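Shared chain: chain A. Partners: chain B in the first complex, chain C in the second.
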Partner chain A sequence: MLNFIFRRFLQAIPTLLVLTMLTFALMYMAPGSPFLTEKGMPEEVLANINAKYHLDLPVWEQYLIYLGNLVQGDLGPSFRYLDFSVNDLVWPSLAVSATIGAWSLLIAVTLGITMGMIAALNHNKWMDYTLMTTAMAGIVLPTFVMAPLLVLLLSYKVKLLPAGGWHDGDWQYLVLPVFAMATHLIAQIARITRGSLIEVMSSNFIRTAQAKGLPYRTIILRHAFKPMMLPVVSYLGPLFVGVLTGSVIIDVFFGTGGIGQHFVNGAINRDYSMVMGVTVLVGVMYIAFNAVTDIIYAYIDPKIRY
Partner chain B sequence: MFFKHKKVAQELAEQLESGVGIIEGRSLWQDAKRRFFRNKAAVVSLFIIGLIILFSIFGSQFAQYSYEEIDWFALSDPVELGRPSIETGHYFGTDKLGRDLYARTVQGSQISLMVGILSSFVAIVIGTLYGAASGFIGGRVDMVMMRIVEILSALPFMFMVIMLMVMFGRQIILIFVAIGAVSWLDMARIVRGQTLSIKNKEYIEAAHACGVSQWRIVVRHIVPNVMGIVLVYASLMIPGMIMFESFISFLGLGVQEPETSWGALISEGVVTMEFALWQLAFPLTFLVITLFCFNFVGDGLRDALDPKER
Partner chain C sequence: MNKTKLLQSMLLASAVAATSFAPQVLAANVPAGTKLADVQEFVRDNGAEPGTLDPQKIEGVPGANIARDLFEGLMNQARNGDEMPGVALGYTTNDNNTVYTFNLRKDAKWSNGDTVTAHDFVYGWQRAVDPITASPYSWFIEIPGISNASAIIAGDKAPSELGVRAVDDYTFEVTLDAPIPFFAKMVTHATLFPAHRATIEAHGDKWTQPDNIVTNGAYTLSDWRVNERMVMTRNSNYWNDSETVVNKVTYLPIEAASASLARYRADELDFGYFPTEQIKQLREEMGDEIYITPKLCTYYYIMNVEKAPFDDVRVRKALSYAIDRDIITEHITATGQMPAYGLTPDITNNFSPKAPAYAGMTQAQRNEAAAALLAEAGYSDSNPLEMNLLYNTSEGHKKIAIAISQMWKQAMPVDTTLENQEWKTYLSTRNEGNFSIARAGWCGDYNEASTFLDLLGSGDNDGNYVNQEYIDLMKSAKSMADPSANYNRAEEILAEDMPIIPIYQYTGVNLIKPRVGGFAYDNPEGNVYTRDVYIKAD
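Here is the complex of A and B:
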């Protein structure tokens, strides 16, 4: 198992290299320079700036310098906020995103699995239909629709919760963002769990367990639960992506100050190094999360050889 | 007893001669069609999608204003004069700049549907051919091709696409290419799996024996046989693409003004939802209904074409 984990993380290295290369190439190929102003700049100043950011070196050398800094955890200077490095701006906001993300993941997984199991165990009864119709609604309502609807209902019509802001993560400020982000994920997980459990419940080993006269609870918890979780676990990777992309909308809409906000602002301000920094950071987390998912999967499913 | 049998045999013989009353064999596609049209939710959804497509094509005929023209009169008091009403000709009201929301919704529907359908098409063509080729050739080539897919799908593409949009400008054609080029990966994987199970069938061997070239076998024999699963996946991909485009437009990185899309309209409507709810409600309704319908059609197609169900 340890060997497998090690190998799995080694495999992530080429992916990471491709990721940095792609983002770097995109930045290099982007038309114009971030320092071109409408007035123009004296050539000497431009040359100085280019030298400061290593823009006068050949591409491969620039890439190697970037990579070298990256390995040491330095995402480079922000092109827009001249006094800040990308690190200064990104790390505090990462904490905010992580709080929202962790809560929504937790809620999505527990609620989603519970809903899915209830629906599957009442297959084709009214409970099943009600739950699955709700889930369908959750799937077609993307985060950027959910967020305004929630604000409209819960903070504008009924003045229950604040419409935005962060305030060091007070729970009132946390509820709407977390809920807006989790809805879509709950629905997805519920659908996957339901399908998976229905399939598991009709398999032979469950019939054997029933024939042995095991109590219902034991059959579900001891025999059906683990195989049921397989497709759910393999959905964890995309789930994480949902949290990351959801965070872009949540930060813009609720003004929570998470990492997504830097990404969008960086994009609009043409702060290439910021956009790149966030892409690389998110990419690393994403790849790491995929690896972890694979490892959990191998742990649950005895059929997987490693 | 004996006579009775004889009579039955005679009737059967007559039937065979006249060709009446014999149960005909049904192909997979006929079967699937029958099953699909029995699914009411899917048929109704298909009908509604048809209506929305017609709306996006012919809706502008009924508009009293063009989608980029500003109604200065309505702009003077957007809450009262910009309200949806038949008399003023603003069926859906006006947006915050006094432009006719009906005309803009028609325009937005065109862009959103076009992005959804065209980029799914791009993704499906690339994915199907890549997956079929990889599965069919097999061996080392297959390994390398699948490793590439694996590496690419481990990248956060949502972010890459946004980066692309930022650096190369907001061109609608770029949205197609970027989204399409990103989402062929899953398709390639699915098609490869199907191809692996098909390629050892007798008819492929027969084609080999007849001296058909490899490329032609892939295009003529393998691709048509994986079409079922491709179709199911496509119908579920289109709503995903529409959502993706809306997402990018919501962030203000998608289509360029005065062109618009559902996502862009929603993001504008969100700003004014406190006093002009219709600016959010109309585009939102269109988006949600379309997504709902595509999902139902997709589910219907899956039930109809899934070989497990047979």
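Here is the complex of A and C:
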């Protein structure tokens, strides 16, 4: 297993190098630049700014400077938020997004799997239909509809919870963003779980277990649960990073200060170092979580060996 | 009494008046009998997160809003846009208006207790032009022509050679290359605020963080969470702190108008915005909380006059005439905007632009004239004018572009293809002149017509429009006591040459809770000072 982790680590280096190179190139190919404004500015002013941020150097040289700083953990200065470095901005905002994401996932996984299992075990009965209709509603209601709906109901009609803000993650401020984000996930996970469990329940080894006269509980928890989780885990693996690194809709609508907004605004404002910083961060997380998913796979599926 | 003496005595009188009646004019003016709320907290949407809080680098509206609460310049702005005393009690000028001497109040203090002196202004202004600061707004010091500003920005002279001087601790002198009558208006801008040298030298780019910042305005920064909130509390060392009412100001950087409305409705904002397409419904729901006021901004289309067919003035005029601005302001933007026929908005201080002749025609007459002009330029049903109309991606701009292209099509043989680009791409396309006709908009940097008319006052504009008479007029207007005649002639030239198509004058559309008093929502530039605000008891 250690050998496997070490190999994955070595593979990550060229992947990240290609990722930074591509992002850097694409960003510089996009029209416009960080300091381009509607009125424009005198050339000397622009020259001073370009000199300060090394934008006057050839692109390959800028890239090398960037890589040099990156290996020391320095993501560079933000071109949009002049009073901050990218490091100052991404870590606190990642913490916000990760908190919302982790709670959403926890709720989504717990409720989703429970709902999916109940539906599967009551296959084609009223319980199944009710749960799956609810799940379908969750799937078709995207976050940008859920968020204003929740605010309308719980902040405006019934003044129960704040409509936005973060306040260091006080629970009142956490509830609406978490639910807005989790609804869709609960529904997806419930559907995948249901499908998977129905399939598992009709497989030979379950029939054997039933023939042996094992209690129903044991069949489900000991024999069906692990194989049922395979498609759920492969869905959750990549989703995990996406959820932890935030949603721009949640950030914009609830004003949480999460990292999703930095990603989108970074691109819109041509904040080169911000785009690079967030891309590298998300890239590293994807690589790490893919490795974790593979390890979990090996644990739940005896057919897989590394 | 010569002009300077007269001015001096007037200013002295106004300075004395300002000092003796300071509470009435410079802080919250709470009407007698108003019951104030126990909790004096004001929460406002600021539209976006500012790029910086460093006054010398601030370039956008969100940053400027905050800077007015944290810092104070030589002069402040009154509700109607006039300048009024700030750190300076008043100023005098020499005979030809090239040397301005500001007399600073002695009780102005920084939040750490240091006195605000003329040296702080010298340092701040030198810093603004210093290439090392690399301020995106350093050109603001070039506009009034402060001596050597351009050479310092270009790296040819040292910042210490800027035409500013501390005659003594409380006398600040500015030397301009040429007389600028409206210079005192410009010093209300953040770029020309003072700077606290010790703080900046100790903390570098991080000096604006809550733990480091030293301010001289009514408030000081206590918390800053990027994209979430910024909290300010009273600066007890501010010279007029005793007349300030609001204790805590929170700025929320809410970009989406729908989110702003949601939080306003949830009673989390005292001041917010809303999606303007919801105006009808909101008028019924909360009509008395909606404030619509004219703003110092113009919406227009710019044409690339070097590129056929826009090198032909007849084509440019035809396109301008055939736009029915009333339909756009009444049915599309529909929040009180005024049709525009010139570049300068009507509310500009000390200048009432004369409407050009075509503004007085009926739309039917304009359409007829437009069709004739286009026919004269050689276009017909068999040979229609074909062009691309560029705008930056936004629903609002799209609606206007669709309406205008239809108006053109109905009035004359014109086929327009709409093209939208995201903001920076659009700016780059405009900047490089790769367009035929494009949307544009401009808000004044200061309340004087030249902030608009100067846009076309050199060859350096996106549409490549050059008219020597216009350039000369704008140049000579700089030193005139009353440049109105020049400005009117400049507007006349714009109507004759039509390098741009003015469409409408913007309005500010805000939601303000009834409990808020003293909020200067009607300031033409949207310049509000929270120290004027108070919260009434319910």
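Here is the rule we use: the second predicted complex is superposed on the first by the 271 of 306 C-alpha atoms of A that agree within 3 Å, B and C clash if a C-alpha of one lies under 4 Å from a C-alpha of the other, contacts with A are read in each partner's own complex, and residues count from 1 in each chain.
Just so we're on the same page, a residue touches a chain if its C-beta (ideal position, glycine included) is under 8 Å from a C-beta of that chain, and two chains touch if they have at least 3 such contacts.
Everything numeric in this text was worked out from a predicted model, so none of it was measured.
With both structures placed on the common chain, the touch criterion links A:87 to neither chain B nor chain C. In the superposed model, A:49 lies in contact with chain C only, and not with chain B. In the superposed pair of complexes, A:162 makes contact with chain C only, with no contact to chain B.
By the touch criterion stated above, A:122 is placed in contact with neither chain B nor chain C.
With both structures placed on the common chain, the touch criterion links A:268 to chain B and to chain C. Judged by the touch definition given at the top, the superposed model places A:251 against chain C, while chain B stays out of reach.
Look at A:290: by the touch rule set out above, it reaches chain B but stays clear of chain C.
Legend: residue contacts after superposition of the two complexes on their common chain; A:152 is shown touching both chain B and chain C.
Using the contact criterion defined above for the overlaid structures, shared-chain residue A:15 touches chain B, although it does not reach chain C.
Residues 30-31, 148, 152, 156, 252-253, 268, 270 of chain A are contacted both by chain B in one complex and by chain C in the other. Those residues of chain C whose C-beta lies close enough to touch chain A in the complex are 49, 51-54, 57, 59, 131-132, 134-136, 138-139, 142, 150, 153-155, 205-206, 208-209, 225-229, 252-256, 258-259, 262-263, 265-268, 422-425, 427-429, 431, 440-442, 455, 460, 462. Contacts from chain A toward chain B in the complex involve residues 12, 14-15, 18-19, 22-23, 26-27, 29-31, 136, 139-142, 144-145, 148, 152, 156, 241, 244-245, 248-249, 252-253, 263-264, 267-268, 270, 272, 275-276, 278-279, 282-283, 286-287, 290.
Of all the residues in chain B, the ones that touch chain A in their complex are 150-152, 154-156, 158-160, 162-168, 239, 243, 246-247, 250-253, 263, 266-267, 269-270, 273-274, 277, 280, 284, 287-288, 291-292, 295. The touching residues of chain A, when paired with chain C in their complex, are 30-33, 35-42, 44-45, 48-49, 51-53, 77, 80-84, 89, 92-93, 96, 148, 151-152, 155-156, 159, 162-166, 251-258, 261-262, 268-270.
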